[in-house]
Amino acid sequence: MASNIEKCLGEIGITLPRPGSPAGNYVPFVIVHDLVFMAGQVAREAGKMKYTGKVGREISIEDAQAAARLCALNLLAQLKVACGGDLDRVDRCVRLGGFVNSPPDFFDHPKVINGASDLMVQVLGERGQHARTAVGVAALPLDSAVEVEAIFQLKP
Amino acid sequence: MASNIEKCLGEIGITLPRPGSPAGNYVPFVIVHDLVFMAGQVAREAGKMKYTGKVGREISIEDAQAAARLCALNLLAQLKVACGGDLDRVDRCVRLGGFVNSPPDFFDHPKVINGASDLMVQVLGERGQHARTAVGVAALPLDSAVEVEAIFQLKP
Amino acid sequence: MASNIEKCLGEIGITLPRPGSPAGNYVPFVIVHDLVFMAGQVAREAGKMKYTGKVGREISIEDAQAAARLCALNLLAQLKVACGGDLDRVDRCVRLGGFVNSPPDFFDHPKVINGASDLMVQVLGERGQHARTAVGVAALPLDSAVEVEAIFQLKP
């Protein structure tokens, strides 16, 4: 029996990616009580970088939003593992941290990270509403256009 | 009856700003048990950016400290909402994350973020003492000179 | 009686540094229930910066990895204080946040931050496996090559 959130994903045409391997000596998430601390996810699809470069210069805002959305999908894929396969166990998206691969004169980070935030709200509804920090960083692993980390809360 | 912390704010001549609206699809805070995860606040006053630019180049350290203080005031304004209007419910400032809009050759980030840290200690006393990370980022939303995020703990 | 973790440190030839003083108006850690939120640590040894500069340009990847390891040692030194001197009270390294002093064209942040992650796993074993975010920032306090922050969980 598919979970409600899986059904919702199906209805909006989303197939979660296969969870990828960490890029270093760390794990994709650690569960502490009912909180899931999730490692930063980059704009990687099927093991290959999909969106790279400085936003507003080497990659458009629209593509960077798609990059942020992809990071969020990668987070959800790992979150499903953290939930033992059942995303309905997710109680809340608590916080997103969004890092934009940013030239010094780019100032539209909130618009870019909305690509991740919109997906959380689309998939989780009210439970997808989260606190957020968005900043522009000098560079990101593998030249990813965006990196997003997260904290989720599970149901009791 | 004004709370003790409100009285303290009055005595040091501080009026909390009106809490602003988020710059994207997120909420200003999420409460998990007794922890308040707060979204990053920029140096905005009454809906308009007040301190912008690269610190040490386009804006002085002193103004950047004022920017950090303004971010902290914006955090406190949102925290008051999280507390249902009563800041005396705050038990502790747990952590500040400080992001400085930084040229590659600026190294005085701790001095800048002290503008936020000093305010927390001034307003909350011992309960204002927090863990902190200060870094220099390539760019910030709306060219803000500083962005500060926070975690607070509420009383049981 | 030395703790198991202290013995392990001895066996791999590690002496924890003396915990340093914060660079601003903050404290090295705040304990909330069983979580320890730790302030960012830079590549400082005995009160002096040891590894500085932009990674891949002014400092090699190998030296930057040593810088990340030094940040991790500084975290463990503070964590020991948080544990009242007994590191065996540590249940888990929950999360590391790694900031690399990065030129815009450097993309090997995961490799650099592994210098911190490897140490955690070396010292804490399975309990050292953590979630992680690694990004490249424009500049760091005192021109440190790396800064690492952490969240640990203590045993009940």
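To keep things simple, chains are lettered A, B and C as they appear, and every chain counts its residues starting from 1.
Everything below uses one rule, namely that a contact is a pair of C-beta atoms (placed from the backbone, for glycine too) under 8 Å apart; a residue touches a chain by one contact, two chains touch by 3 or more.
This structure is a prediction, so every number in the text was calculated from the model and none was measured.
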item	value
Cα superposition of chain A on its sequence copy chain C - rotation in ° rounded to nearest 5	120
Copies chain B and chain C touch via same or different residues, half shared test	different
Centre distance in Å when chain B and chain C are each reduced to the mean of their C-alpha atoms	25
Sequence positions of chain B contacting 2 or more other chains	103-104, 137-138
Residue ranges of chain C touching chain B (in the complex, touch as defined)	22-30, 32, 37-40, 54, 97, 99, 103-104, 137-143, 147, 149
In the complex, chain B residues that touch chain C	35, 92, 94-96, 102-111, 113-114, 117-118, 121, 129-138, 151, 153
